[in-house]
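Take a look at the structure below.
Letters A, B, C, D and E mark the chains in the order given here, with residues in each chain numbered from 1 onward.
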Amino acid sequence: MAKSFRRMARKVGMPPGSLVYTGDREHLPAIITITRYNGYTIVERQFDSFKECQLAGGPGEVTWINVTGISKVRDLEQVGECYKIHPLVLEDILEVGQRPKVEDYDEYLYIVLNAIQPVAEGEELVAEEISLILGPDYLLSFYSGADDIFAPIRERLLQAKGRIRKMGADYLAYALIDLVVDNYFVELERFGDQVESLEDEVVASPTPQTLRDVHRFKNDMIRLRKSLWPLREVIARLERRESLLITEALGNYFRDVYDHTIIAIDTVETYRDILSGMLDIYLSSMSNRLNSIMKVLTIIATIFMPLTFITSLYGMNFKNMPELQWEYGYFMVLGAVVVIALAMLEYFRRKGWI
Amino acid sequence: MAKSFRRMARKVGMPPGSLVYTGDREHLPAIITITRYNGYTIVERQFDSFKECQLAGGPGEVTWINVTGISKVRDLEQVGECYKIHPLVLEDILEVGQRPKVEDYDEYLYIVLNAIQPVAEGEELVAEEISLILGPDYLLSFYSGADDIFAPIRERLLQAKGRIRKMGADYLAYALIDLVVDNYFVELERFGDQVESLEDEVVASPTPQTLRDVHRFKNDMIRLRKSLWPLREVIARLERRESLLITEALGNYFRDVYDHTIIAIDTVETYRDILSGMLDIYLSSMSNRLNSIMKVLTIIATIFMPLTFITSLYGMNFKNMPELQWEYGYFMVLGAVVVIALAMLEYFRRKGWI
Amino acid sequence: MAKSFRRMARKVGMPPGSLVYTGDREHLPAIITITRYNGYTIVERQFDSFKECQLAGGPGEVTWINVTGISKVRDLEQVGECYKIHPLVLEDILEVGQRPKVEDYDEYLYIVLNAIQPVAEGEELVAEEISLILGPDYLLSFYSGADDIFAPIRERLLQAKGRIRKMGADYLAYALIDLVVDNYFVELERFGDQVESLEDEVVASPTPQTLRDVHRFKNDMIRLRKSLWPLREVIARLERRESLLITEALGNYFRDVYDHTIIAIDTVETYRDILSGMLDIYLSSMSNRLNSIMKVLTIIATIFMPLTFITSLYGMNFKNMPELQWEYGYFMVLGAVVVIALAMLEYFRRKGWI
Amino acid sequence: MAKSFRRMARKVGMPPGSLVYTGDREHLPAIITITRYNGYTIVERQFDSFKECQLAGGPGEVTWINVTGISKVRDLEQVGECYKIHPLVLEDILEVGQRPKVEDYDEYLYIVLNAIQPVAEGEELVAEEISLILGPDYLLSFYSGADDIFAPIRERLLQAKGRIRKMGADYLAYALIDLVVDNYFVELERFGDQVESLEDEVVASPTPQTLRDVHRFKNDMIRLRKSLWPLREVIARLERRESLLITEALGNYFRDVYDHTIIAIDTVETYRDILSGMLDIYLSSMSNRLNSIMKVLTIIATIFMPLTFITSLYGMNFKNMPELQWEYGYFMVLGAVVVIALAMLEYFRRKGWI
Amino acid sequence: MAKSFRRMARKVGMPPGSLVYTGDREHLPAIITITRYNGYTIVERQFDSFKECQLAGGPGEVTWINVTGISKVRDLEQVGECYKIHPLVLEDILEVGQRPKVEDYDEYLYIVLNAIQPVAEGEELVAEEISLILGPDYLLSFYSGADDIFAPIRERLLQAKGRIRKMGADYLAYALIDLVVDNYFVELERFGDQVESLEDEVVASPTPQTLRDVHRFKNDMIRLRKSLWPLREVIARLERRESLLITEALGNYFRDVYDHTIIAIDTVETYRDILSGMLDIYLSSMSNRLNSIMKVLTIIATIFMPLTFITSLYGMNFKNMPELQWEYGYFMVLGAVVVIALAMLEYFRRKGWI
């Protein structure tokens, strides 16, 4: 969380529109993939910097420029010049810590998404940013992470699966967004399993580690929520097709992604409620355990304190203690001890303590 | 909960509109029931697959096709072709984990409902999905469960009870929705009884099991709520008759179901509030019990520790201990013991501990 | 709470509009009171069933038919036929568990209210239903309870108090609603007194019973709230005079009742907040008590354990224990005991424990 | 709180518009002050009852009739007749327990405000009602309290401070409302100081009294909130100048008061949040203390129980106990005692308990 | 917090528009900086009082008058006269405790902002007020603090960095607002680091100081939130360009600041949620510790009480105690002691206590 502010804070006092990379991945090589396709042909080329600005595709041809590992200001400036992109947009693309949003610049739509990345067990969730610039026949996508997140889409393009090759740049944007939303489900599934097993643990045998897990999941849910709500808004605006860049045929498709987002939000809220409930259960079972510990102590003390008093009584060294001289004094004390112990046990049994 | 994501996750990266069954009931045989009726005649036939596509009913005739145990992609594709249903709708029908919604596709309305299924004591609530496709003179219904949930409606159709035979496909849809909402009440009644007896238990003699029951009910309420709120929205939209497929006469009927949904939501919220209150009561009575346990311990310790000290004092072996030689030393100690014990008891009585 | 569902559940699968009484008061005799009045004359008659359907009153005459103890389906059907009332309305009148609502059927308004009934100390709040059907010159009122709740209104009619005899059926409806709202205040006053005395109790000397009372009041508040919010909405709609059946002159009157409803809701919310605060106080004072109990125990143990150790030390039977032979050994031990005890007490005094 | 309902309940069943004083200040003498002013002259007279009805002031003259200690129904009726005030308004003026509201009766505006009265330390907050009736060139104000709350305004009028004498009755109403809102700040300042010192107390040395203070302040905040929210709404409506009785020039002034109300609400909400946080701190520090108490007990018991066991062992009277005959047996036991005690202390030191 | 009310309360009863400085910085000297610039030239002069009123700048010239350490009523009055500013605005500028707002006075916009000031570790957050008056070609800025908060902007103006010198007074206002929002991020970054380290502390080794830190951060978050929400609203209104004083080109810039505000609010809410979660963790780990303390006590007591009882038994002085005469009696007791102790330890090991 804090990392994004560290970068933003670096820029305080600088004029807006200054292109400064605020992430921590300067070392990553940029990979620029340019894909041009229509229903019949597809050409894909890969570069490590943006060299040429070849705008015109053939008629009905869609150009997709995907930049992975964005950190070179120079490349971005060239892309910006080539596609006439507003300096504030370029600044946003470089800035880490953006929340999902859509901005309409008439000639193109600027869309920011957060992609949830699967992390190793016990680590915090990481959200990588994806910036999309959707023009009438081109789509620019910038991804801050290192992996090839859009590989399944590229596969579908190459194999001409589904209707993706027959439709425009807006459908391609939809496919990318759909993929991002689907990734949330992969993560939520993992959470679902863990929350379930955590629930069993809390009820059966909670440990301090259980508590820390509940806490960590709650924080993850807070983060997921924070990135899902604006995502929902973005997709709602795309579904309403406020921009002419989204063709009518895509309304139903975006409605479908929208439904998925709602289900994801619902699930996150449900998990939050369930996790909150677990905390109560945890505290209650701690309290329960304390009670049972104290019962053991009280039972022991209540039985042995009076007994020790009696034996201690007859350990006194008074000259004149008649009972000490009785033939069966000792055995009577032994008897009394047994009777008292049994009476105490019966008392606790009736109280339901044992 | 988690199950639906497991299925959805299976589809990541696939083109939208791919028909894949995401439930876990592949083994169930599909039962397709086609009912054609008007005010005078009714014909009901049952198949195990969808073979013919006979669209035209007689004038004023309503066709109801009910598919139970939907898992065969093939059947669904045929139904889709026959009634010209959008691929995304077919995809949604197969997808488990949908939330209630209504979508207007001009020629038909696509309605998704969740039907609460009664479960055995101690199990989690299960919501089965029902998809309805309402056309001008036909209704397609798809049910993911195994049982014949619509049997009472079929009965009413056969016996021409009420006005169901005299009205159109929209009334039939209303009757199905009404039945689904009524089933919520059956479940809520069961909950009401259990919540009441749980309340008595919490106040009288709470056990860790009580706590787990409260927790489970709270989660059930979270789930019911999650499925009732969108259901309310669906019915509100049907009541406003945004689609021409709902005739004016049905406005009052949908308002009636809407009222029922509101009552159900109200009740769920009330139960949630009451269950939350129970947790407080539980924690408080745990705390109460701890206090009374500690009182027992403290009383015992406070009485016997000083007494044991005294007896232990006179158990010392000093050569020169004048009291030991006193004729009535022992009896004075006995007296002191009784006096101290009584004083302590009186002290605790005044403090209100005993 | 649960009772209403038990009845509703009875009707699952029946066609809508079926007249079934779902309450538990079948044994109550129905009392039908017909009152006809204008500014000059008033006639009141009482029946035990609805026999005639005499619609036309004289010009400017208002007809008020009040049915107490509604349970006979037959009577209701006759009333329904006579005044041409929609079957769904008749069904709603018989159904227990309705929430306040107003429905406009053009020729008449159908209004449902919940009347709070005073209950004996310690019992749960009961809300009885009142159904009003307001036509242009008649008012039908159905009351599910046994008592004559509308007696004060009848009195005002007979004695021509205020402006009630000079105004139409809508004013009569207003008077009934005003009475229902006023009854909430009687109940809230009672609650106010009890909450105040409960507050003193929680602060001064809480017992488990206090906790149970707080819990019960909280549940009562949940119930009151549940019935007040929709009531507020009903009166707001009447105030806006969406129906032509409410004459303009009544706007101010309904605004007045509306204000009262808002005050009642405000009060319920305030009580809820105060009761929630009490729970915290209760838990905190339990925790306080535990602390003071444990202090007693710790003080006793900390003083007597070292002392008993010392005496026990000199109770050992070693052959060679020089101190035992000292002339003043015993008195030195006694002195040490007093010094240690005083030092401990001083220590606890400084810690603020005693 | 409860007091207002006691009065309201008194009126159940009476026809609306009945003038009944529902407060508890019947003993207070009414003081009626009539002030007539314009930019040049000002006349102020005081009566103990309303005798004449002299409506017409000179052109540009404003008439302010202030009634303090309203309880005489007779006076109010005369005022009502003279200024043609709706019976429901008169009823509301007499009724204690009103919430802030504004009602437009075309010829005049009826405004209800709650004025916070400073109370002695430890008492509950009291809100007195102020009713304003604002006509085109007159302002009637009714105040339920005993003190001369409007003295500063009267002073400003007499001394012609600021622009008050140059402006109309609406400005006078604004000045009164501004004064009422300013009084909230006096109270909030007092609260601020107390909350701050309470915060120090909770953190440093909480006692049960601290808890009760937190509880009392929370209830005060609930009450303030309850009276500030509707006040905000009242001023918002005045600012929007929905009535023609508010001249355009006053828009900015009411916006200013509105801002103050928002700041007051903000502050109340902030105090509520801070007070809620204090409860958590209190509970946590109680829990902390319990832990430290239990540590003392455990340390003492853990050190002395084994020691006492050892000494008790050698206090046994067996014939054959070789150690007892050893020359240095006693000193070895003494040594063991010291070693064990030191080991225990080291153990607890390592555990961080001492 | 409370300080602002202390000042406001000072003004109760004074006519509105009275210029009274309500801050506590009377001792600060006022510094008035007048900057005039266009794309080509820039002139900056500094005064300690406002002497001349030179309105007209050259065409396309922007005048920026910045007043730091505002406390001299005289200066403000002169500024007010010169630029024809409404008395209520002047009053607001002097008043401490304003919340962010924007008011449109046609000829100029009045904007209030709160600037977060970095404070030393452990102190409370302080928000200083900034008042901006934006006219068509001038900007007046008033800052209540002592430091030169706008230095970076002045630097950019002098060095003609970015487009600031080429644009109008509205861009200058934007630059100031952007700076204020950026300062929030500096503060949030600091918080982020502290919250993270606090989180580790709560989980690893919470102390009462941890709790106090959590409490203090929560209060800081409450304060940040209180100043961020209205700030967001202010910027939203500027972005919508409701006033003609904001030129169209600035829409995108204000949208950018708006996004930043949203991210800041999001972060504050996230921190609040996380801090709330920490309190639960704290309480739970306190409860955990208590349990482990009590386990130690119970284990010790349960082992040594029975043992001490046995030894005490054979310390009795009865004449007839056969065991005492047994040759190996003592050793049998020693054996029993070891066996009992081991059995107890095994019991606790099985219970999972050790």
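Just a few scattered comments:
As a working rule, a contact is a pair of C-beta atoms (placed from the backbone, for glycine too) under 8 Å apart; a residue touches a chain by one contact, two chains touch by 3 or more.
Computed from a predicted structure; not experimentally measured.
Least step count on the touch graph, chain B to chain C: 1. Taking the definition of touch as given, a chain qualifies here only if it contacts chain B and chain E alike; those chains are A.
The rotation relating chain C to chain E, fitted on Cα atoms, comes to 145°, given as a multiple of 5. The distance from the centre of chain A to the centre of chain B, each centre being the mean of the chain's C-alpha atoms, comes to 26 Å.
Chain geometry summary: the mean Cα position of chain A and that of chain C are 42 Å apart.
For chain D, residues touching at least two other chains, in rising order: 283, 287, 290, 294, 297, 301, 305, 308, 312, 315-317, 321. Listing the residues of chain E that touch chain A in their complex gives 152-153, 155-156, 161-164, 175, 178-179, 182-183, 185-186, 188-189, 192-193, 195-196, 203, 252-253, 255-256, 259-260, 262-263, 266-267, 269-270, 273-274, 277, 280-281, 283-285, 287-288, 290-291, 294-295, 297-298, 301-302, 305-306, 308-309, 312-313, 315-321. Interface residues of chain D, counted against chain C in their complex, comprise 1-2, 5-6, 8-9, 11-13, 15-18, 86, 88, 91-92, 97-99, 101, 103, 208, 211-212, 215, 218-219, 222-223, 226, 279, 282-283, 286-287, 289-290, 293-294, 296-297, 300-301, 304-305, 307-308, 311-312, 314-317, 321, 323-330, 333, 337.
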